[in-house]
Each structure stands twice: as C-alpha cells, then as structure tokens.
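In the two complexes that follow, chain A is the common piece, with chain B as its partner first and chain C second.
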Partner chain A sequence: MSGRIVHIAANTFREAVRDRVLYNLIAFALLMSGAAILVGQISIGIEHLVVINLGLTAVSLFGVVIAIFIGIGLVSKEIDKRTLYTVLSRPVQRWEFIVGKFFGLAGTLVVNTFFMALGVFAALFYVSRHFRAVDGWILVALYFIILQFVIITALALLFSSFSSPLLSAVFAFALFVIGTFSEDLRGFAGLTHGFTRWLATGAAYLVPNFSALNVISSVAHEQPVSGQLIWSNTAYALVYASMALCGAVLIFEHRNLK
Partner chain B sequence: MKPSPRITITASILLFACLAGSVLLLQSIDRQRTGATLEEVLYISSPKLVKRLSLGYDGLLADIYWTRAVQYFGDKLTKGSEHFDLLAPLLDITTTLDPHLLVAYEYGANFLSPKPPYGAGQPERAVQLTEFGIRNNPGLWHLYYDLGFIYYVDAKQYAKAAKAFSDGADQPDAHPAMRIMAAKMAEHAGDLQTARMMWSMTFQTAKDPMVQDNAAAHLRALQVDEDVALLERLASQYRDRTGHLPQSFADLEAANLLRGIPVDPLGHTYKLMPDGRVEVRVPDDMPFIEKGMPPGYTPPLKPHLRPES
Partner chain C sequence: MTAIDILGLEKTYSVGFWRKQPKCALRPLHLSVEEGEIFGFLGPNGAGKTTTLKMLMGLVYPTAGSARILGMEINDPRMKAQIGFLPEQPYFYDYLTAGELLDYYGQLSGVASKERSRKVREVLERVGLADVIRVQLRKFSKGMLQRVGIAQAILHDPRIVFFDEPMSGLDPMGRREVRDLMEQLKHEGKTVFFSTHILSDAEALCDRVAIIHLGELRSVGAVVDLTSSIEGHVELIWHGNKVPAAMNALGAECHVTGDTVRAVLLEGNQEAAMEALRREQLRIISLIPVRTSLEEYFVRKLQPSKAAAGVMR
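Here is the complex of A and B:
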C-alpha cells in the first residue's frame, strides 16, 4: 500500500471519529448491559443465547448502517465540500483516493467491532461467570461480520462514485437485503429454464452472498464453523469487495469532476 | 456568545416537567384504554414469512418470540385463563426461526400439554412441537422423554408413550431408566408407581429449579392420592368391623389398623371427616392432587409449587 493510500485512509478514519461515529458504542453498551440484566428476568433458559444473538446481531446491524451511511458520502461529500479538488491537485491518483477511502472506513468498522466484541464478551461473562472454549466460535462469527462490512463498504463506495447519497443509500441497503436472500435466489433460478435460467442464475451470482457470512445462530448453539468455510468466505469477501472496488475505481477514473 | 444560565435552568426544568407530564398523561390514557395495548394479536402468523423477514438474524428473533411466548403463558396462567390461543403459534414461530432452541421444546411442551389452569390443555400441539424438535435435533434422548411424558401424563396414550421411551433409549447417552420406562408403560401404564417413577426421573434430570419444583409438587400429590385412598380404605374396614365410622385416626390406631397419626408429605396431619372421607389440611399447598380435596374446593390460580417459601 502506498503512503498516499495510508494517509487518505488515516484521514478517513479521523474524519469518521470526528463525525462521532463511535458514539454508537454507547448505545451498544446500553443495549448489551440491559439485555444481560433483563433477559434473565423476563424469559427462561436463554440468557446465554440472547447475549450472543443480540450482541452479534447488533454488531452486524450497527456496522452495516455505519458502512452504508458513511460509505455513501465518502466521495460525494468530498465533491460537495470541494476538498476533493485539493486532494487530487496533489500527486494523488484517483484510484488511490478510492482505495484509501475504502481502507479508512473498513478500519473504522474494525475498530468499532473490536470495542463491541469486548462488550459482547463482558456481557457473556456477566451472564455465565466464566468463559468456555466453545465461546471462541464467537470470534469466527465476528470475523465473518467484518467480512460482511468489507463487502458493504466496497458497495457503498461503488454507488457513491456515481450516484447521489440518497440513491446510494437505497441501492446499498437494497443490495444488503437481496444479499441475505441470495441462496433463495439461486434456488429460484434453478427452477427456471432456458434463457431465463441463464439470466436468473447470473443475477443470483452477481448479488453478494451475505447468508453464508451469517453464522450467528450456529455459534450461539456452540456449533463449530469449518475451517473450509472460513477460508472460502474470506476469499469470497476479498474477491467480491475487490470487484466492487474496481468498479468504483473505473467509474471514478472516468468521471468528469469539472 | 456565552449560554445564558437563566435559559439553561428554565429549559432544564421545563424539560423534566414535560417528561413527567407526558408519563402521567400516558398512564391516564392507558387507564382509559384498558387492554388495548395487550391485544391478543399475532401480526404475522406464518413462521416461514417471519423467518424470511428476519434477514438472517433469525436467532435473535427466535429469542424474542420465545420471550413473548413465556410472557404470554405467564400472563394467562396468573389470570387463570382457560384459553391460550396464541401459545402454539408463538412456539411454532420460535422453533421455525431457531430449530435448535431446545428450551422452547422442553418448556413449550410443558406449557401446552397440561390441562387448564396449569397449561393450555393442548397435548396434541405439544406432541407436534416435540416431534418437530426431534426431527431437527436427532440423537437427543431428552426430547423423546418429553414426548413419552406428554403421551403418558396428558394424552393417556400409553402405547405411544412406550414407543417414545423405547426410541429414546436407543439414542446416544440415553438415561438408563428410559428402557425401564418403556417396559413399565407397556405393562403397568396406569399405576401410581409408574407415575412416581416418571416424576422422580423428571426431578433428577431437570436442571431448572422451576421444573424441579413442579416435579416435586407432582410427587407430593401422588403420595397424597395414595395416602388418602389407603386411609379411606382403612376407615371403611373399621366400619365393617365395628358397624360405625371412626371418629378420628386414634380410633384406627386403637383398632390396630394404623400406626401413629398419618401426615402428608409436607408434615400436616390429614383430616378424617365424619363421613369417612379423608382430606388434606392445607389443600392450597397440594396442587395436582386428585383425592383429599374438600368438596367444592377451587385451587388457587397460581399453584403453590414451593409452599415452604
């Protein structure tokens, strides 16, 4: 990674922190402590499960919202504030700007996830009074959530490179929802014939597959995640995010900024 | 510009006053619309649709639906309701969202199966729920035990109970008593001894104190049923011998039919009535008994599972 990309990434991270993005951690902390204390009183036998399910779901949803709403403004905000021209007037390539923005936001989300993970484990300790070896699978679920953020950040950046913030948010969120149904889409495609099948299968493979990245329920039930899946999901997320990032670079390279 | 302290104080006081006012007004509105907020509605009744709408976060949604089922059952139970219309659909949604949520099968079947006021009186739905649990969690002997329990206690289908226990005995790490239970079902299904064995096993294997209390209360009830039947039989024998009913247990003792004054499992002495019937002294502390209740007795809405507390 060139020094310029690192600088842009660091500035993006600083800007996100200055925008009080990490304030969501307060809401998260309240949610986790509330759940840890309350659930035992209003339900039966699911204290441990709720802390994992609620904690990981909150980590995922908070992160998705941050990725979309910060990601969609990464390019357009710089254009609106005319700071982009200052950056590009220096020896910075357009692709470096996009890649730097991507790493900056991804880094913000990783830091955010790290603190939330601490909250999840603290709540888990409060409920169970001890940790077990199987709790280690929660780390795998958190890793998959980060992979999910990587894809969404790249997609948000892709939309941000050619569209308005509002439309980018709609596109990114719609793709997130569709991505959770991607396995169903492939199933539906398998039921069609001829050209429709070809088209439907193509569309099903084009949308991101978020369902494979969601192992929250499995780890909550202490079911192990195979090393093969960890490897496949890592490769898939990196390839898919790179694809979206390449699209963003291509569009941004050819965009008329005058 | 510096903030004005006067405005800061006034705005702060107004903020808290308005907050308190809104809470009071809302309480007043709730009083006018009693029950409106607790309307018995399941907005989405299709478990599959709820699962689709969960966007993959089905584990959390299952926990929420399970909590709702617990709250619904608890609310109905404390009100002494005989209708639990939403209980089975709530449990269906819960287990469809998370088919591995074992607690929903174990407790859910216990909510559905017993007759009101102790449960929903829907043993057939309890059977469906437990069978769904077995299909999705193969190899768990405890679910077969629950299934056999429902067939035995509430559905009174002893052959099916025997099959459930026998199938459960074939599962890995099955409790050794499962095989004995299957044999007992086949031979002596209606015996008090068999019922006692069932509840003893529940008491021993349950991890939850509430389930243990429930099993202990049933064991006490079985003991009382057995004691009352025996004491009434002795009173009848006394009448056959003497031509009149005993006035007290001391008469039975004097006639060498009894040794000492009999007490129930909680240590209270039984009452011998003038007509030869035997009653428990504190029926409220003896939920689930079928014998020894005063005529016209209505049990409390919430059974006293732990009378000593």
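Here is the complex of A and C:
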C-alpha cells in the first residue's frame, strides 16, 4: 500500500474520532448495561441467547448507521469544502484518495466494533457469570459484521462519488435493507417465470448478500459456523467491496471538481 | 526555461436540464510563463481565472488543448511534487491544528519525516502563525486561514507556486506581508503565478500580466509595455464652489458638493489644473491618483471582443 494511502486513511480515522463518532459507544454501553440488567430480571434460562442476539444486532445497526452517514460525506464533503483541492494538487492520485478514505473509515469501524464487542462480552458475563467455549463463535459473527461494514463503506463511497449526500444515504440504506433480505429475494426469483424471474434473479445477485453474513441467530443458539462459510463470506465481501470501490474510483477519476 | 506552457487549453461545460447547452468557460488559451517570473493572471469575477488554475492543477479536465508545467504533463506526480497551490478562499480540515494540517500535507508531498517538523515550524513562522501551531483551525479567522493556505502551498519548497486570489480576506497589513512573501519567493528563484482582480497588487508585483475576460485572453505582456500608451487619472479637490474655465478645456469632470469641488482629470493635465486653481486663488484640499495606468488599460481591455460577442451569450 502506498504511503499516501496510509496518510489519507490515518487522517480520515482522526477526523472520525475528533468528530465524536466514537461517542456512539456511550449510547451502546448504556444500551448494553440496561439490556443486561433487564434481561437478567425477566428472562429465565435464555439470558445468554437474548444478550447475544440483542448485542450483536445492536453492533451491526450502530456500525451500519456510522458507515452510511460518514461514508456518504467522505468525498462530497471534501469537494464542497474544497479541502480536496489542496490534496489533489499534490502528488496524490485520485484512486489513492478514494482507497485511503475507504481504509480510514473501515479502520474506524473496526475500532468501534472492537469496543462494542467488549460491551457485548461484558453484558454476557454479567448475565452468565462465566464464558463457555461456544461463545467463541461470537467472534465469527463479529467478523461477519465487519465484512458487512466493509461492503457498506465501499457502497457509500461509490454513491458519494457521483451523488448528493442525501441520495447516497437513501441508496446505501436501501441496499442494506434489500441485502439483508437477499435470501428471500432469491427464493422469490425461484418461484417466478420468464422476465420476472430473470429480473428478480439479476437483482438478487446484484444486491449485497447480507443474509449470508448474518449468523447472529445461529451463534446465539450455540451452533457452530462452518469454515467453508467463513472463507466464502470473506472472498465474497472482498470481491464485492473491491468492485464497488473500483466503480467509485472510475467515476471519481472522470469527475470535474468544479 | 519555460515554467508553464499552456497550449490551447479550453473548457466548455454542458448546462441545462438535459446538459445539451454548451457554456464556454475558457476559450483556447495560449500562454507561457518563464521560470523565476511573478506572473499576474488578471480578470474580473467569472473571467475564467479559477477554471484555468483548476485545469493546471488537474482538478478540472480540459475540453481541448494541453499544458505542460516544468516540461511535464499536468497530471504527472513528479511535477506535482514541485508545485504549490493555494485555492481561492481556502477551507481546511477544521478538526486539525495548524501543525497537524501542515504535517499531513508534508506527508502527502513526500517530505521526509525528519525534515517535516522543522519545515512546518519554519513555514508557520514565515506566515506569522508560529504561536498558533497547536490551535485547531476551527478557531482561525478568515485571514489566518488564508495564511495557513499560503503556508501549505510553500511548505515543500516548490519551484512554482500557484495562488488563486491570495490577498482575499486579508487586512492591509496581511496584504503587504503576502506581497513581501511573493517577492521573497521570486528572490529564491521560484516562479509565482497568481490570479487577482486587485490591480494595484499586480502592478506592484508582477513582471508580466495576462488579462482574461469572459474566458478569452485579451492581453499579455510586461506591465510597463502594456501601459506605455495609457495615462492614469487623478482626483483634485479644492475649497469653494467655483470651477475655473480652464478646467473644462483640460477635460476635467467637475462635481460641486457644498463648498468643495471634485474634479477627475488625466494625470498629464494635473500641473496645468493646479496652476489654474492658483491663478483663481482657490485653496487645493487634495490631489490623489484614482485610476492607475494599469487600471485604465484593464478597463479598456474588458470591452467586448468580436469573438466574445458572437459566442459568449
């Protein structure tokens, strides 16, 4: 990775931190402590399951919201405020700028997820008073959540490279929702015929398959995750995010910064 | 050696709902700037100065034509390492301190980490901001941001510096300091290319100027050569409400206000006018230049050209 990409990524991370993005952790901590205390009082025998489900879903939603709302402004904000002019008039290629921004935000989300994961484990310990070997699968679920963030960040950057922040947010959030139900979309495609089948199948493969990346429920039920799924999900997320990033670079390379 | 060589650079935007209506921002521009020159790019607002600078910086792509800076293409990273750019009304990452911002730009320009902190301190001292190195940019005034902008443009010791309206937002002292800085850069052998619509700055600083209007180059050359046939105007004010007959013969535009008379006349007629006032025993209050010869020349060059009248509507 070129040094310039690292510097741009580090600056993006610093911007997010100083923009008080990580303040969401306070809200998350309050949510987790409240949930742990409440669940401990009202659930009998399923505290463990409820805390994992609630905790990991909250990690996913908090991260997606951050990825979308920071990601959509990463490029457009720099153009609006003209900070980009003093960056691109240096020996910085446009693709390096996009890739640097991507890694900066992805890094922010990883750090954010790390602290939220600590919160989930703390809540889990509060209700169970001990950890078991199967709790290790929570780490795989968290890894899949990070892969979701990687895809969402790349998509937000893609939309941000040609659209207004508001439209970018709408597009990215719509893709997140559709992608979460992509398995249902594939099921629907299988039931249809002719042009509708062709259209539904195309849409099902085009939207990100977040269904496959969601193993929260099975992990909460102490079911293991296969090694093959880990590999295929990793490859899928990397390819999908790379393609979205390539699209963002292609659009941005040809854009006049008026 | 030629520092900047612009070969027919042209920009037309597509406007309108269907983007089918062409709008010419810059007609084919041919211009050369020699190394070591202070070159003024003059024109009123909307003349095409910023568009030209953005094309040279690779921020906007030309519709036609090309340009070479230090003999290299405008998107060559080797060339970009040797230039500095101050955009018009710069805005920076306001969550960074002045020191952090310059350190970041130093990293992007490839300044070695050992030298970076020294260069950051030096350049902030040079623009008079050494004592606010640890202050976040969100607390900076417009004038201070302009100084930071100048600092980031010269931080990496570039051979050519491009300034877009460098005096914008500065108080008279600040403008004076920037003028001094530009002269220092020239003494260091650097080329300075700056756009402005403040003609007194250009007249005081530039070896050569180009005048652009409605996207069209109207004139280029040394200030002395361009204005050799142009005479400036002076404003003469005297006490009383009497206008000597000689004033009309001298072509003075006279306005009586209360018990003072204000006359604007050609610089060459000022001695004769003052003599006429002395003869009539009128007390002179002031005599000040109102339009320098460059301003006069500039105003004449902004008259619509045939090409502009035909296409720029």
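Criterion: the second predicted complex is superposed on the first by the 255 of 258 C-alpha atoms of A that agree within 3 Å, B and C clash if a C-alpha of one lies under 4 Å from a C-alpha of the other, contacts with A are read in each partner's own complex, and residues count from 1 in each chain.
Everything that follows uses one rule, which is that a contact is a pair of C-beta atoms (placed from the backbone, for glycine too) under 8 Å apart; a residue touches a chain by one contact, two chains touch by 3 or more.
Just so it is clear, the structure is predicted and the values come from calculations on it, not from any experiment.
After superposition on chain A, the partners chain B and chain C are seen to fit next to each other with no clash.
Of the two partner chains placed by the overlay, only chain C lies in contact with A:81; chain B stays clear of it. In the superposed model, A:256 lies in contact with chain C only, and not with chain B.
In the superposition on chain A, contact of A:3 is made with chain C only, not with chain B. In the superposition on chain A, A:14 contacts chain C only, with no contact to chain B. Look at A:91: by the touch rule set out above, it reaches chain C but stays clear of chain B.
Of the two partner chains placed by the overlay, neither chain B nor chain C lies in contact with A:133. By the touch criterion defined above, A:26 lies against neither chain B nor chain C after alignment on the C-alpha atoms of chain A. Of the two partner chains placed by the overlay, neither chain B nor chain C lies in contact with A:191.
Chain B and chain C never share a C-alpha pair closer than 13 Å once the two structures are laid over each other. No residue of chain A is contacted both by chain B in one complex and by chain C in the other. For chain A in complex with chain B, the touching residues are 39, 42-46, 49-50, 52-54, 57, 60-61, 177, 180-181, 210-211, 214, 216-217, 220-221, 223.
Touching chain A in their complex are the following residues of chain B: 52, 55-60, 62-63, 66-67, 70-71, 98, 100-101, 103, 106-107, 208, 210. Those residues of chain C lying in contact with chain A across their complex are 13, 54, 57-61, 77-78, 80-81, 83-87, 89-93, 95-96, 104-105, 107-110, 149, 152-153, 162. Looking at the complex, you find that chain A touches chain C at residues 3-4, 7-8, 11, 14-15, 18-19, 81-93, 254, 256-258.
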